[in-house]
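Please see the structure below; I have some questions.
Note that the chains are named A, B, C, D and E in the order they appear, and that numbering of residues resets to 1 at the start of each chain.
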């Protein structure tokens, strides 16, 4: 479904000298969605985002927003706004002045500026700290100010480059809930770069997995996690074993692998190489006769009822129906 | 507080000795500037008085200290202003990796390492051969810039090597024009080192002797004046001048620290709970 | 406008100043160095005479040797002192505020006129100066030490006094950028204080040391006034040779000496620059 | 343009570029005179290379020998100089008295005149065109610390006496220093010069060799280049015998330190200074400059300078500005009848004291040579550099 | 069980001026265990570790290793070695020279040094890059070098301060497996500071949870996760709901909460406030009538068979036996 308000990347390419950072990617982002851009380090996520924002020139291709090619416009004219890793709040300005910065640049008068900034600070629940300097804020507070600053330009698309990476895991989980809530309230498209797959699954309406400068797979979290197109996606998204089955590479969910107790029929036999406790489950890693590693996720109660130790041999079983064929 | 190691005390002693060594002449000057009216440039003290400070403000037998001081001061301010503006601009320029930036950079380094008397000689020769009037505000000004600019540039390199580019991107993202980015973001953030460059530029100019020697034209700057004064009976007036200069430097540095402290205060205003979670 | 054009636009004032007040004058010196001078005037001509004399005169060699000697001695002392002071400030002073304050304390004497400071060494080091009197009254010596003033000692002392700051600053600058965890890692690995200093801090301070050395060596090589004042005119370095020539209106010969000095200095710096990328290390 | 708006710029060393003179000019003549004091090298450079940076150059005669050929100075019309006829003979025909011999070196009369306004060559005789108008001159000799030496000194040769090892000094200005050296070598009987003021290469070599040996043996404490240094060397006791300028001796004495400007049997080394006009001077400024020069010779400045121990080019006029005691002490070599004060009010001599060296004629009559620029100057300078570097 | 080779902290305290970073902690670390020190930011983990290593002086108390108090010894004499966050490799030395640094300091001759260094580089599979400079290595490679450098001193205890925090999640999981393997092979005690609870659970033989400068709970991962002593531990370790039940604060595993379909009996009714997809499971967050948030982890198949949307009301059920009482 195409709407006039969507963001489209057309044959978008970025080269640095001879290295290709982004290689001819095409994608349409639907409006008002929360998109997570996911992939290993160096795959071109930041470069893509920065091209959309206008902080990196486009080597080839175009970026269409609302029907016009914005790829040659200055950042502020694009209808996008960016939230930077570690936020890049201006250290010499108060929270309020940071937020009202773009209005000041436009020449808006002081009273209007202050009023509008306070409205946005209210939105992110930071109005009470409007007079603080950024250095006096905690990581989470800084993030909210950065958000308010990005939103004051009334962008159609908000671009976030690893906004949570500087936070500790506890805080990270709380802040991502706030991001999601804000996206829903404002109805703006968020494009959020991360390399945490749990983060992407939890947040996104659409997950875009990049690898080696191209988009490997895009879709809803459930599509991408549930039906990985390639071995890379299956491994990268986690929770899957990739094994050869009938001469074919297939993905097999780790929670679909059962340990065949006693006389139960086993699909393969394998020797246990590692046990990893995960709280409510235990990951049992074992090596099959083919030399492939297979992880079985076992509920903790079941595991501790019949503990397994590394070195033991056991039978693994799964339903044929749970095997998912991968593209070569 | 952590207990201090033995080496700390040794080094503290060394540092104290070093400071003593640094200040030795300054202190000698300070003491001798209070010579009695009959005293000379050397020990022993012949009485104690503020005679020479009064004498400093009266007319000298030779030369015109205050005229020279005014010129040096104005020249210092000129050099300071141009050094700040040009080196900040150049600092910004060098981040753009323009063609020939390497050549310009090494030229600046060369400018720094070329013995100053050569610059003096060369500038003097050029102005002579070109029939240009040699004047402290033209030739000496230029000659001094060849020394203060590379200095300023090096400091700017140090500053911009540590400058987070994302501030600029954020500003551009927020709709700031190139000039607005410089004016509202870059300059305020780099203000303390820029003030440092200004101070440094001023004092390098204020005390520059060799580069001014052949380029100052009809009228002397202060260092030349002091040197000229030594061609006649010199008296502790020049020590009085030295003492005042030192006090003046102290005052400038105090002002500088005050400004930096005030900036810091503004940033700290309102208390802090940084580090605490949300 | 392209990035390069913008770059040039921003750099143009610098380029203009350097072009007008550095490149042209040095070019002029180079040209004049081939001219001839009579007692009274400079005459455009082309002649190797100046160089021929310069390079064959034993004075030249002696004076260059003396110049190198001063540069070397000053370099050694400023390095030792500068490194120690920078090390003290960077690693033994804990708060950044005290570091800045102590550092500024070191810069203040630097702001008093060099000439005045130099004059004031005389009452300090002279035959009847403070130093000798103090030593005599302490009973350390019974005859005043003559070599305190108007000697190589005095020259080097004054050089060290004037130039140590130029060594401290860059070394301090690099040292403050050394990750303190590296020091802890070294200690963890069993390195003693000296070993940490020698195996970790010194190598990592190298860029600062190089930059400081460039400053000090070039300042000393180009000086002409300190040597005259402090040696009581009894020693000469290249700068004095040049300034004498200038004083006697022998511009071509002064220029030729300048060109040789310039080439020497640039060669030395060129070698240093091969080992350190100043632009990155600042 | 009014005369009071005129501003003349004068460069010179601190010796004669005195602010009081400028002030008095303003009072007496109504225009301004800006004085810039420099060290002697810098003055030479200014005069020779930057004619636009000054209107009047206050330089020495030997410097004139180098500066004049650059064409930066303009000759002065003698007919416009009122007191020309009263100028001491030294600066006109070279003779102090009709029967005195002209000393060796760059005697002022040899570089005092040119053939015509544009000429760059010096005239051997008096002409209508003067290069410098003489203002100040003196006969120099060795200064000593009698308290530290404790015996009479009467010869230049004493400078190299090993008795004063590490306590002697000479000037580090080659043109002057070489003359001092020559006086010493001659007095020691080591060298017989054809003309000390114009040595041959061999003579230069010999002279420098003798002094280099002495230097290596540690005879010298230091060399001095500025007035001030010589005073400090002497006053602090670093040096007990050195070639010196008369006012420097006075300066040492005024600190209560005994110091004598010692007349020596071989005679004095003399120097003279004068005012030259920049070639760019013209119109009313030029007229003002002539007015200034005439004023200069009219006595007040002469008296002012004489009170510091120098001599005036026109003593007759200066006499009118001095009282009998001063004139007697400074010029006639008589014992002071009352305290003698310098222009700045400092007592220089008590009643009953005599000036070192006696009367004007005794001193200026015993000039053995003048500061000079020789034909072999370039060679000499190189040898001088060798000496310094040794 | 006390063995001579264990490490014991006795009334260990650290004060910075008036702030107490570590407050009178006592703990015995058994030899040859993998210990994870866990806790929120600023709770005193690094300070504790650095006191053990000798990089921070002890304000009060002692550190006993192998029967002697090492708390006043220099770092190298303690029998401990430290691996630093972001590794602190000497940037001017090659990989080999980094590893052999401590031997050089001891004055060991060159050949022996090189030999020993290569043996350790072999152990961490980095021998082929021995001549590289640290800047030429990837994060994971740097970590291995840092490990080799720490191990060459043959420490009894290896201290690791957030060794994995600089790595991306993909690499982090691989590197933690290597750490674990190495610990098992060398038999050295590892004390590993982290603030990722999944990391701690997966790696540790013993988890020590710190909060507010004290140890909140210590034990095997299963003990700590399965039986959190306090509300803080329950929340911090994740996977638990903390609710009030019969006037008591209790912990309830999220995977033990069932959504009561149709006519099934429900323990409480709640309204759904959030849905978070986690791949093989979906976290359904809802607010009970008491205003407490309860998360139920539902297998994905079950969830998508009967999707739930925010705002709906549903019944939640759990077995009484799964409720875990918390200390006040």
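Throughout what follows, contacts are C-beta pairs under 8 Å (C-beta built on N, C-alpha and C of every residue); 3 or more make two chains touch, one makes a residue touch a chain.
Bear in mind the structure is a predicted one, so any value in this text is a computation, not a measurement.
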Study note, to complete from the structure: Touching chain B and chain D alike are C
Point to revise | Chain pair showing more contacts of the two, B-C and A-B | key: B-C
Review point. How far is the middle of chain C from the middle of chain E, if each middle is the mean of its Cα atoms, in Å?
Key: 54
Practice item. Report, in whole Å, the distance between the mean C-alpha point of chain A and the mean C-alpha point of chain C. Key: 56
Check your understanding: If you average the Cα atoms of chain A and of chain E to get two centres, how far apart are those centres in Å?
Key -> 24
Review point. Which positions in chain A touch two or more other chains at once?
Key: 170
Exercise for review: Any chance you could list the residues of chain D touching two or more other chains?
Suggested key: 40, 42, 45, 49, 232, 236
Exercise for review: Scan chain B for residues touching two or more other chains and write them down.
Suggested key: 41-42, 214, 227, 230, 234, 275, 277
**Study point:** Sites on chain B touched by chain D in the complex
**Key:** 38-42, 46, 59-64, 124, 128, 133-135, 213-214, 217-220, 224-225, 227-234
Review point. Once bound in the complex, which stretches of chain C touch chain D?
Key: 38-41, 53, 57-59, 62-63, 66, 122-123, 126-129, 146, 149-150, 228, 231-236, 240-241, 243-250
Exercise for review: Please give the residue numbers of chain E that touch chain A in the complex, ascending.
Suggested key: 40-41, 168-171, 177, 180, 195-198, 201-202, 221-222, 225-226, 236-239, 253-255, 274, 276-280, 297, 299-300, 304
**Study point:** chain B residues touching chain A - in the complex, by the definition given at the top
**Key:** 164, 166-167, 169-177, 180, 184-185, 188-189, 191, 263, 266-278
Exercise for review: In the complex, go through chain B and note every residue touching chain C.
Suggested key: 5, 7-8, 11-12, 14-15, 18-19, 21-26, 28-29, 32, 41-43, 82, 85-87, 89-90, 92-94, 96-101, 104-105, 107-119, 121-123, 125-126, 129, 142-143, 145-146, 149, 153-154, 157-158, 161, 203, 206-207, 209-210, 214, 222-223, 226-227, 230, 234, 238-239, 241-242, 245-246, 249-250, 252-253, 257
